[in-house]
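Read through the structures below before going on.
Presented sequentially are two complexes of chain A, the first with chain B as partner and the second with chain C.
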Partner chain A sequence: MTAFAGVTISWPALAPILVLTGAGLLIMLVDLVSRATLRGLLYGIGILGAVGAGLTMLPLYGHSVTTLAGAFASDRFSWLFDLVLLGSLAVTLLLSSLRRAEDGGSPGAYAALLVFAAIGGMVMAGAANLMIIFLGLEQLSLALYVLAGMGYPRAASQEAALKYVLLGSLASAFLIFGSALLYGSSGGLSLDAVHAAASVPSGLFVTGLALFVVGIGFKLALAPFHSWVPDVYEGSPLAVTAFMAVAVKAASLAVLARVTYVVFGHDTSALAPLWLLAIISMLVGNVGAIRQRNLKRLLGYSSIAQVGYMVVGLAGVGPQGLSALAFYLVAYALTTLGAFAVMALLADGGEEYADLGAYPGLAARRPWPAAAMALFFFSLAGIPATAGFYGKLLLLAEGLAAGPWGLALDVTLVVGTVVSLYVYGKIVWDMYSFTEPEAVVPTGNALPSWVAVAAGALGTLVLGLAPQLFAMSQPFLSVGPR
Partner chain B sequence: MLIDTVIFLPLATAIVLLAIPRTAHNALKGVALAGAVATFALSLAFINLGTSVAADQNVPWIQTLWTAAYHVRVDGVRLFFILLTTLVAAVSIWGAFSYDQPERLRGYLCLLLAFETTLLGVFTAADLLLFYIYWDLMLIPVFLLLTGFSGTAEARRAAWSYLIYNGAGGLVLLLGIVALVAHTHTFEPAATLSLPARTAWWIFAAFALAFAIKTPLFPFHAWMPPTYTFAPAPVVALVSGVQSKAGLFGLLAFALPLFPQAAHAWAPVLLILATAGILYGALAAIGEQDVKTLVGFSSLSHLGLVWLALFAFDMTSVPAGILMIVSHGLIAAALFLLLGFIEERTGTRDLARFGGLAWQAPRLAVFLLIAAMAALGLPGLSGFAGEFLILIGSWQTQPVFTALALVAIVLASVYMLKLFQGTMHGPQRLGQAAPSVRDLRPRELALVAPLLAGIVFLGVWPAWLNDRTPSQVTAAAAVTRVGGVPDSPHAAHTASAARKAAAGLQMQTARRADGMVAEAGS
Partner chain C sequence: MSFLFWLCAVIAILTGIGVVASRHPVHSVVGLIVNFSALAVLFLTLSGEFLAMIQIIIYAGAILVLFLFVIAILTAGNRAVESAPSRLEFQAVPSIVAGLAALTLLAAGIRETRPAAAITSPPPEGFGLVATFGRSLLTTNLFAFEVTGFVLLVAVIGVIVMAGRPAVRS
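So, the complex of A and B:
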């Protein structure tokens, strides 16, 4: 602890972010020296930075520290989200390292932007103050606006960047305006102050909260604020899409969960609109995925539905629900990153392997990538022995404990899952049904992609078979002291 | 532990297969069959381990918000499900040797073996989480076998209806289990539950719906005809012979003991559906021209009879239901395998195109005759024993439904004779395309023989099975009965009957079985 201009700072709590910032700056320095030749080094620094940040997190486990005058919390809750963010950063860098065509000829800028985006996410995960939430969100978003367009030789990538900027800034505008109204009604920027105002909600407060939720809903891509997802996911570079699908969701969920938890405590009656958004998302995401012929678009729709599932974990606003949400998030991150890793593996730096027309017959020619893909889809569909199954189990239990809205959420979750059986089953069906592939056999076999695929598959199976490893015996997630 | 060995030996064999080159067909076949036969041989050891609980293993697994355990058990009920599984699986894997895409044989055998492990997992699980995990895992091998290894577009479409129907059923079951666990905080089925009656009613409905889809029970059978018709014979033998019993097992092992009152409350609905299925299945089979679909509908009819047996809550009918389950498993597996042999030889399943095969393939004709006679309930074969005891029992409590079900027994003769005569007797209609139909090869003869032996054995000595089941099942039935809903019309007279039955129950069952055998012998 040191005091700085009257504010006490807990350096250990900030260490992960600082380490990662150092890695980002180092990438920019090395990039000055040599742009093209040290490509591997640039990505390596990023990955090492993620690992280093992860190591500095180890002593923080189980501690709750609030620092920067209560604006930033480091607790079990942010710890887990940081872990997901760092993991997705490392995997994204791993996958990007092979995809020369998609970093805009500037690997240094690409890698550094990814690192800074992850820092933005980690700031969001620990933010306990409306201003910090917005700062983190903007850092994450601005980096991603650029990254979405990095595959600019393809027109789709430019289109994705433009759409993402326009709708993303609109969402930011909602969020900052909502924050301003919340500040106006509560007289403070900290979530505690907002909590105090929640007991006697004024019109100003309700409007502010609604705008805030709409802003976060855009970032999370909850239906009906999801319209940007398919195009942006399709157009962005493959690895960036993977990062969007996991890191952006994780960081935004962290904000949503912390705001819900801190502001409303155990009184969820005011949150009916949020449950409605979740219900619509589960339906729109799964039904929308049915007709997709592009795997990136399909995973985009799927992510809409998966976020809807995760919101069910908030229905009871309690530590158990947060645990369920966090478990499902980890399961989702492992399987989604794994699925993108399989795509990257098959593409091997070349043309994206996103067209579903290329998947029939894959199992006959590339049995192991096909088996891994099938495993990830089974996990997304919630088949037992995978992490996704146990996550759904926890979420269903949380919903059942949360009254009529919880029951409605549960039933929608089940209906959505049945629809998703078709969505994911269709791809498995394609891969296994045909012995003669209609398209060229993919030859990709790069080691970094294999590492990512294996990590995802192993994690999915281990969490599915031994969920107790995910320490849930204690009040596992708690949002730091209020 | 013996029990783990039995469950996982097939899976281990599948993993060993992956290490063998896919072109080494003889090695693949040898190892797969050896694994399956060894599993069967080991499972026979459970018979002598005692009648009430043969083996029980309970290892704590998840202890977080709820507790779940790796809890597997073999007892009087589970024993027969396990023996049925290991026998039919071994026979089916042997039957898969003639698979027509030899370059994909390895994956085919691996999936069949993995399927056997999931089935054994379902039938040994004594913990609801474990049960559910295996329950849903069964989907994957069957889905992949249908899509990737059956080779026809119809089978690939059938895979869809299979996956969506059974997947939806599985999720409803999951919702039911989670609702139960939300009250008990453990996946271990509790001996006594203090659930609100309304909650129990809903949870039982969720369980029953999932089990009805899996069996299938009319009108949840839409996935059944395409799956049974288009899947390769060894796969259908396992799906129809064994997997269709998973729902009935779930009723016996979990749903009935856990929610006796709710079971009584739901019984009228389920009895109506069962009887409707018995009649509908029989009538549909009579009108069917495709031999495999015909046998599929006959399964719908016969398994409806088991639902009738269970929900008649009679001391005789419930154990007889288990006899019928095992008997139907053997008969269905034998019929589907034999029809598979016929399809391999003639390339058709259409009754209108068969005829006179007995002339060219007399041994095939004899085997098919035995299996068909068992299915139509000829005394001396297992089908008769099961049906007869069920009808005796269910008549005591449900005379109306039993009388309706009796009609279907008559109809069974119609469709089974139609099947046999249409294929084996009459003029040869296959034409020049198939000039000579080979008789059964020694392998085919040898692999169907154990099933037929089992059919005859249970036909002449049903008490062998009945004597081993009662203690467990009748206890469950007695609980079900005594715990009947107070205001249900049955409650008054069933309570007194239960008290009487509690004493002389086992003997009564045995006497009836012996009487039946005597009758069969005369």
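So, the complex of A and C:
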């Protein structure tokens, strides 16, 4: 803890970000010397950086520090989101390490951008002020705009990057405009100041909040702000899609949850439009997934629905609601990263096997990847003994405790789950029906992908069979009302 | 002061529309220069002297001149994109309707304003001066200042990656 001109800096709280920043800069330096000959080293530095940052997080567990003039909070809440972000960074680097098709021939820039994107996410997870929220989001988004176009020279990847940058910039404009109006109505940038203005909401405050939620909803891909998802998910490199599906959602959810919790406390009645967005997302995501023939698009629609589920945790805002959301987020991260890891495992050279035509009869030819994929789909659908099942139970309980809107959210969650059972069940049925495949047999067999698949499967089963390991009932946030 | 505000606000909005609507990139840049100058005057009326100077020197001056260079280099010898027929005719009407609806909602929300006391009261001593600006940049806004550096670094990496490879034709 050092003080500088009246501003205290808590170095332990900043250590994870600083370690990861060091790794990112080191990647750029090594890349300068090696000129793309040491791919493994570049990715290795990134993975080691993620592990090192994770180690510096260990002593922070259970502590709450607000540092840098109240701009950045390190607490149990940001701790968990940081863990998810670091995990998804490590898995993404693992999945791309052996695939030249991922980074379009510039592994140094690819790995560095992934690391800086994760740092942006960590800044968002701890942001306790509107300006830091925006800057963290910009760092994450700018890096991902470029990463989406890294699948050079595939035209679909270029298209994904262009669509993402145009629509993403529009969303950022909504967010910054909303932040400006919130600042105007509260007179301060910190979330505590915004909380003070929420007690007597003015037209300025409500308008600002609406624009802010639209901006975050865009990044979260809540329906009806989801139209970019299918094309961007399909066109981006496989590992980047996995990172988008997990890290971007985790960081944006952290912002949404902290803003909800700090600004509104236990009275969330002003957030009814947000519950409506969640209901639409659950329906659009699950129904939209039915007709997809491309697994990346299907997982994109699935992620829209999953975010809708997680917003249910906010309806019962408070420590219990947040821990339900946190549990579901971890379950979602494990299963989604796992599903993408199976795809990366099967992938071979430039071929991604995203087309569902490659999956019928997969179990006979590649039994273990098929079994892992089935497990992840079961968890996404919420079958008992998987992490997704227990997560949905927690969310349903939160909805029940949250009044009429909570009940509507619960009913939609159940309806959405039934539809998703059909979507995922059909693919699993296809994989285990011993028919001839329409497409070629996937032959990829990379060791790093096996590691990621095994980690995801283990986590999904452990959280599903022994959810009490993840006991987190204490209050989460260090800032705002308690 | 009120007259000056309305004059600059109207100029800023009109030139803003011009930037988007103009089919020639050089016209867009010229519109943007006028837009930034109008904003600088608005900053000046809010006692943000230093910010107004920065806006003129860095944005309207340096950055937009760079824009002009880039446009000149990129479009030299190429058939201008802006002469191609628009392929978004169908989207024009719905997007204008949606934009007007959003504008109405915004206006309805902002019409009933109750700005915070900190906003309506006169600015504190030394507000807008270089010294105050610099001190807040390195104390209360230190983290934002540092993060901005990395946001720019990410943008630079992205530009290097994308500029270093030939375009793809599908």
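By our rule, the second predicted complex is superposed on the first by the 467 of 482 C-alpha atoms of A that agree within 3 Å, B and C clash if a C-alpha of one lies under 4 Å from a C-alpha of the other, contacts with A are read in each partner's own complex, and residues count from 1 in each chain.
As a convention for this text, contacts are C-beta pairs under 8 Å (C-beta built on N, C-alpha and C of every residue); 3 or more make two chains touch, one makes a residue touch a chain.
None of the values given here were measured: they were computed from a predicted structure.
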First, second, both or neither for A:Pro153, with chain B first and chain C second: second
Partner chain in contact with A:Ala401 - chain B first, chain C second, else both or neither: first
Partner chain(s) touched by A:Ala385 [first = chain B, second = chain C, both, neither]: first
Partner chain(s) touched by A:Gln468 [first = chain B, second = chain C, both, neither]: first
First (chain B), second (chain C), both or neither touched by A:Leu356: neither
Which of chain B and chain C A:Gly425 touches, first, second, both or neither: first
Partner chain(s) touched by A:Ala101 [first = chain B, second = chain C, both, neither]: neither
Between chain B and chain C, more extensive residue contact with chain A: C
Where chain A meets both chain C and chain B, residue numbers: none
Contact set on chain A toward chain C in their complex: 4-7, 21, 28, 68-69, 71-72, 104-106, 109, 112-113, 116-117, 119-120, 123, 129, 131-132, 135-136, 138-139, 142-143, 145-146, 149-150, 152-155, 158, 181, 184-188, 197, 200, 202-204, 206-207, 210
Chain A - residues contacting chain B, complex: 320, 323, 363-364, 378, 381-385, 389, 392-394, 396-397, 400-401, 410-411, 414, 417-418, 421-422, 425, 428-429, 432-433, 435, 467-468, 472-473
Sites on chain B touched by chain A in the complex: 61-66, 101, 104, 129, 132-137, 139-140, 143-144, 147-148, 156, 159-160, 163-164, 167-168, 171-172, 174-175, 178-179, 181-182
Chain A-touching residues of chain C, taken from the complex the two chains share: 105-106, 108-119, 135, 138-144, 147-148, 150-151, 153-155, 157-158, 160-162, 164-165, 168-170
